[in-house]
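Okay, so chain A shows up in both of these, paired with chain B first and chain C after.
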Partner chain A sequence: MGRYLLRRLPSALLVLLASSVAIFGLLRLVPGDPATTLAGADAPPEAVAAIRAELGLDRPLGTQYVTWLGDVLTGDLGRSYLIGGQIADLVRSGLVNTLVLTAAALLLAVAGSLVTSLLWARVERGPLDSLLTSVNTLALALPTFVTGVALVLVLGIVLRVLPTGGTPPAGFARDPDIAVQYLLMPAVCLALPASAALTRFLTEALRTELAAPYVTTARAAGVRSSRLLVAHALPAALPTYLTVLGLQAGGLLGGAVLVEAIFSWPGLGQLAAQAIDRRDYPVVQVLLLLSVAVFVVVQLTTDVVHAWLDPRVRIGGLT
Partner chain B sequence: MTRLDRRTFLAATGAGLATTLLTLPGCRSAVEQASAGPAGGPTHGGRIAAGILTDLVPANFFTNSSLGVTTVVGLAFESLIRYPNDTVEPTPRLATSWELAEDGLALTLELRRGVLFHNGREFTSADVESSIRAYADPRWNGQLRRTAAAITFFDTSEPYRVTLGFEHPLGNVFDLLDTVPVVDAGSLEQLATGEAFVGTGPFKVTSWEPGTAITFDRHEGYWVPERPYADGVDVRVITDATSLLSSLRSGQIQLANGLSYLDLDNLPSDAFEVLTAEGAEQQLYVGTDVTAGSLADVRLRRAIAYAVDRQRVVDEVLRGGGYPINLPWPRYSSAFDEARNERYARDVAAARALVAELGEIETIPYTYPVGNPLVEATAAIVQADLAEVGITVELDPIDQAQFTKRLIGAELEGIWTTFHSWAQYTPSTLTVSAYPFNAAKNASNYRSEEYAEHADAAWRIPDGAGPEAVEAYGEVSEDLLEALFLIELAVVLPRYGISRRLSGVDWTKRNEILLTDAYLGGG
Partner chain C sequence: MTERGQHLVEERGPLLRVRDLRVHFAEQPRPAVDGLSLELAPGEVLALVGESGSGKSVTARSLLGLLPGTATVAGSVRWQVAGVPDREWVGATESQWRQVRGRCAAMVFQEPQTALNPVRTVGWQLAEAVRAHTRTDRRSARRRAVELLDLVGIPEPGRRVDSFPHQLSGGQKQRVVIALALAQQPAALVADEPTTALDVTVQRDILQLLADLRDRLGTAVLLITHSMGVVASLADRVQVVHDGRHVETGGVHELFDRPQQPYTRLLLSSVPRLPTTSDAGAPAPAAAVDTRAVDPREVVVEADGLDVEYPGRFGRASTPVLHDVTFAVRAGEVLGVVGESGSGKSTLTRVVLGQLPALRGEVRVGGQRLAGLSSQELRRVRRGIGVVQQDPASSLDPRLSVADCVAEPLQLHRWGGPALVRGRVAELLESVSLPRAVASRLPHELSGGQRQRVAVARALALRPSLLVADEPTSALDVTVQASVLALLARLQAEQGFACLFVSHDLAVVHQVSDRVLVLRHGRVVEQGDSGSVLTRPVTGYARELVDAVPVPDPRHRLVGR
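Coming up: the complex of A and B.
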């Protein structure tokens, strides 16, 4: 396995290196540049030139690239001149906020879908089932920017029971009761479509299991219906559920970008939008490289697992 | 299938909701925590919560280019003098009195004693020198850099008196002294990186999380007795205008800077107040590239000036938060002249006649930055007005970064719309500081020795408000009206939305919020 991993490693590193060149080069092709953004509309060209020199943008592109790559490889992600602060701190802070939001949404989606599915699976076809289907379809179909704005309007402005946006002033750990209130609306907004999709899959899976012969036998043997559902049908339905959950988790990370904007949640999505808007090359470069690195690691892990499961791949080096 | 009847389902749902409702009162409320403050009249205590649309950019500290910068400068720093909002007559701040030499080549300032920086160090004349020298450094890109660079001599031999020597008389030197924030010389490098913001203002910056929040605490050693009222200010960076509005309406913040004029118009007046920052004017204009095709003929530029319906822009776009102009000067400016300001009042017939004289006119690109609803709506109105007189323009919306680069590089071919500022100061400041008006090089590619001479002469008159200066501004105004490389549309007055629980909010001519006298009350 170790030899297989060693064989795969060079291509992964090559992908990272090629990506770094592409990211660096493509960003320079985007119209606008950090020096003029920093200088502002009232700045004369000589002021722009001074800022360009200060940022090192007047050096040849090759030199800029080599310096940047060398710094990144030595763990120095650099400083953001247009957003401010160390890039490592910006990314760390954004990553924590995004992960907290996504984890909370995932938790709500799982809890919501489990409870709803366990109740719904016992509902017979009829008006109540139709109503639940309609509500579920609505939750699945409503875009997050609609549910987000509706939640803010009702819970934040009309009822004033939850904050309309932002992160807890004292952080997540110090005042957990306050932190939960800041998290609730964005997490619900993000979780709603995922929860609806999971509910749909799990309910159908549970119904299939409940109709299976082994359940009929168990019921005939006097097993209580609640035990049948929780102890027999649910474990059998979980593999399908987990597959869908895995797909939804990735979707939640992507969906967080929009929710961050609606609720002023300073996560990675907000950071990326801000950096692109200001042409903050070093920050955009790091964020893009980070996403490529995550992809490469996931791909590498998948390949390794695949090789572990299938000896033909391991021996032949095929993927 | 195991059956769940409706009663059981509803009972389970009800139990869930009841549990949630019973649990909630046991928790502290995040909304109440965010909007907590003492009730009653002016009183000490409480923290003011504010929201701004754009974050601080430390490298831009000496410009007023983002709401983050103006917020930090307004709350944590002070200048040597301060202009009242409706004049350019200096009043004491860190300087208590001043005397201009008869030849206009030196200015002596007496400095306030007992002023402490946030780090406890006393403010002296050396800080005046270091602050002005920093401002003159091109890396900081201060808009009044030319004026700062013309100060060539500093006498700081006495701690509470400083004499500034000028290369030539500077009619706008007090504009500079009103603009330059006095900074602690020892922390200038940390200021550039956002690691420290050490001033003498009523609040000190205690933390800054880029893109998230700026926290200020009261400066206990502030030189004004019993001020500020508030214990601190918590500023949230809310980059989405809708979220900013929601935060204000929900009571999470008491002050919002950056709301659209339409949203401000719709705020319920019983709970909110809209403050109009008279004195911190900006100008909305149509710029022209005078070397681009038919625009090289001044008759086309005049036709555009006659065709645009400025009053419609003021009514529909600015919702009354401004007024129409032909020249950049606000009404209280010594350069303002009613007759000149109406030279190009809307006259469709005159515009059509000029267009007819010109014959065939090519389609003109009309560029503007996207993301600003005021500019976008103005562009639509201008396009319709020009079509009415036979001028076809093609809208070319581009993002702000791209727009700024092309503007500074004088690469905008055709016409464009954006804002400029600095006309609210001594009129000569505009032509030596705002790039669109720069006589040597500007975005319009306009060159005129006469204009350059008039602008420079106005700048060098020692008394920037005297009759000689006013006459010189008249000549500059005539140049601007004749050349029309910038077609002014309207003065724009910044507006803030504030909760009625917050009183005593003030501002400077650079749109910096002042909360020295602000306090949280009832409402």
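Coming up: the complex of A and C.
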């Protein structure tokens, strides 16, 4: 396993490096100049030039990039132009909130899809199957801002059983039951489309495996149906499931931006929206790089787990 | 053996009695099984023989309640096995059927590749079968798994028990599937084409294993097969089925010697046979070799010292697939290429078609070297080559009508205007003996044999000087195979093309080829006149191959008793 990881590592690092160049370059192409924004609309050109010099924006792009990369690698993420404060601090507080939210959503999506698929895979084609397909499609198609607003309206405003937004005042660790109340709606909202997609894929994969000759062989040997599903078909379907899960996990981060806005959840999504809005380059850069890093790590993890689940990848070839 | 079977029936009654079995699938016009009755005695090998669509596999599955929900089953299935209730099993629920499965019988399927779970070890799968009916702790289940592997002749069972299926060879996988079926010590094995997907030498070993198991454990075998050679090698009794109906049943000698029904006679006469060494008679005149040297016929395709490798990925060593292959095929001649899976047969056809470059050596088609040709020049060479592939169901475009399929090569090579093409298509369909009416149909509306005729018509559309046929009859029923082979022979006599005929079936190759090339691990082991190579092979490997072919004659059983 270690060797496998080591073989994949160089390409992962290369992706990170290439995307750092792309991120840096692309942001410089976006119209608008942070120095002008900082100095104010009516500021004299000298003032703007002074700010540019102070921020290092007057130096050649290559130099700026290398300086930035060097700083990031040594742990100095820089200062925010406009939001204020060390970027590291801004990111740290947002990161915890976003991680808690996405982890909860991921957990819900996985648990939901596993349970639903295992039940659904045994449903024969017919009216019930069609109904389940429709519900699944609906869950997949509903945008988060619709489900989010509906949830807030019903559970938060009409029934008043859950808080309408924000993070738990005492933090996540102190009062777990209160934290769960705050977390529940945004996590469900974020998890729903991912869970629906995972369910669809896993159900199909399970049905394919259940129709495979090896399941018939085991059935003919007397193995019971429930065991055929859980112990025989499920492990064989997991590699497919995992691939989709990897893609969905990356997608959750993007979805988090919207969900955080709906539930006023002070996470990285909110921070990113704010920073883009104000052309706070250093913050945007770090956030984009961070999301690329998360993608790379998720993919790497997916591949390693894939190898662990599928002996044909793990132990290639004939002995 | 018949006497022995009869004797057992009288003494203990049959193990399995099926009466008037009818199976109907939803949305199918006619029943898959239509009033079939059969009996299986303890320790007996009964072969259920028939072509595709005869309902033999459906019958096999209905004995264990393994049919899908779309099937309606009527009639009677009764098992007489100690510890299993003697009841009417037709109409039983899934959980009731579990009492039959593994105890009365378990199944062995055709394709060992897919009959084992790819992500579980062999030992795990065996333990699952062991624990299906009896409470067994993990350690004793594993011990039993090792015993079972030993029973089916897997070397080093203690080590192999932890292998994954992809680490085993095809023959070993089929042995594991048999071990799995034996886990609950069933009274019978239901083997559905158990050797069809295997190489001929492996097939012989598996048939031998089934015979041994019957002798050692007294396990009855219901053998479902289309192959008369397999039947003759293993069965005590034979039951012939056709279109879901019973045709004829009898002891194996009786049925092969004196078939009563015309269908049985047709089935037996369609089987291509390899003359046994005793029938082969006097050796072919040695002069034949000399005349070939001055053969006036033009050499259509020749390969000279061909080496082909598949490049390795990421600095891994490349895989050699062909090594020093030399041959030539003249106009009007058929060169049969035989070998087991992985011998490089298909690679050879790809090189001849210019789809794969040779590492060393060269291929010339019509005197033209294939190496270094531009794609345009290659197109011109390919115009002179027709191709017929194994599975006509997938080699014909499902959305094109038969006429369009046949016209496609004519249009691609700008052969002529629409009227000319139409005329040529009609002529071609007539030459492959297809009725005019099929021209407007889609491939899936035709039978397998008709589809393969369409594929032949398409391959010959541009009057090629070379026909490459890669297992052209392997997907066909034996009676259909006979007619397609006759068609190919007739067309070749008329048009005089050279033919590269690739097949794993030595009897078929013997029937159609003038000369034969035996490949093993990418090397030519033996090459020569087909009559002598396939009846009096010189090299050890070719002899092993020829000897392993099951002879459709119960007096020449290759499986020892």
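Definition applied: the second predicted complex is superposed on the first by the 187 of 319 C-alpha atoms of A that agree within 3 Å, B and C clash if a C-alpha of one lies under 4 Å from a C-alpha of the other, contacts with A are read in each partner's own complex, and residues count from 1 in each chain.
One rule holds for everything that comes next: a contact is a pair of C-beta atoms (placed from the backbone, for glycine too) under 8 Å apart; a residue touches a chain by one contact, two chains touch by 3 or more.
Just so we're clear, the structure is a prediction, and the values are computed from it rather than from any experiment.
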Partner chain(s) touched by A:P168 [first = chain B, second = chain C, both, neither]: first
Would you check which partner chain A:Y182 touches, where first means chain B only, second means chain C only, and both and neither mean what they say? first
So, A:A43: does it touch chain B (first), chain C (second), both, or neither? first
Counting only touches as set out at the top, which of chain B and chain C does A:D277 meet: first, second, both, neither? first
Taking the superposition as given, does A:G84 touch the first partner, chain B, the second, chain C, both, or neither? first
Have a look and say if chain B or chain C is in touch with more residues of chain A. B
If you stack the two complexes on chain A, which partner ends up touching A:S225: first (chain B), second (chain C), both, or neither? both
State whether A:S264 touches chain B only (first), chain C only (second), both chains, or neither. first
I'd like to know which partner A:E124 touches here: chain B for first, chain C for second, both or neither. both
Chain C-contacting residues of chain A that also contact chain B: 124, 225
Flag every residue of chain C that touches chain A in the complex, lowest number first. 64, 66, 69, 94-95, 98, 101-103, 105-107, 109, 111, 114-121, 125, 128-129, 132-133, 163-164, 166-169, 177, 180-181, 183-184, 190
Under the touch definition given earlier, write down the residues of chain B that touch chain A in their complex. 1-4, 6, 9, 12, 24, 27-31, 33-34, 55-60, 63, 65, 138-139, 141, 143, 145, 193-194, 208-213, 234, 236-240, 242-243, 246-247, 249-252, 398-405, 407-409, 418-422, 433-436, 438, 441
Can you check the complex and tell me which residues of chain A touch chain C? 124, 212-225, 227, 231-232, 235-236, 238-239, 309-312, 315, 318-319
Seen from chain A, its contact residues with chain B in the complex are 31-33, 36-48, 50-51, 54, 79-85, 90, 93-94, 119, 122-124, 128, 149, 152-153, 156-157, 160-169, 175, 177-178, 180-182, 207, 210-211, 225-226, 228-229, 261-264, 266, 270-271, 273-274, 277-279
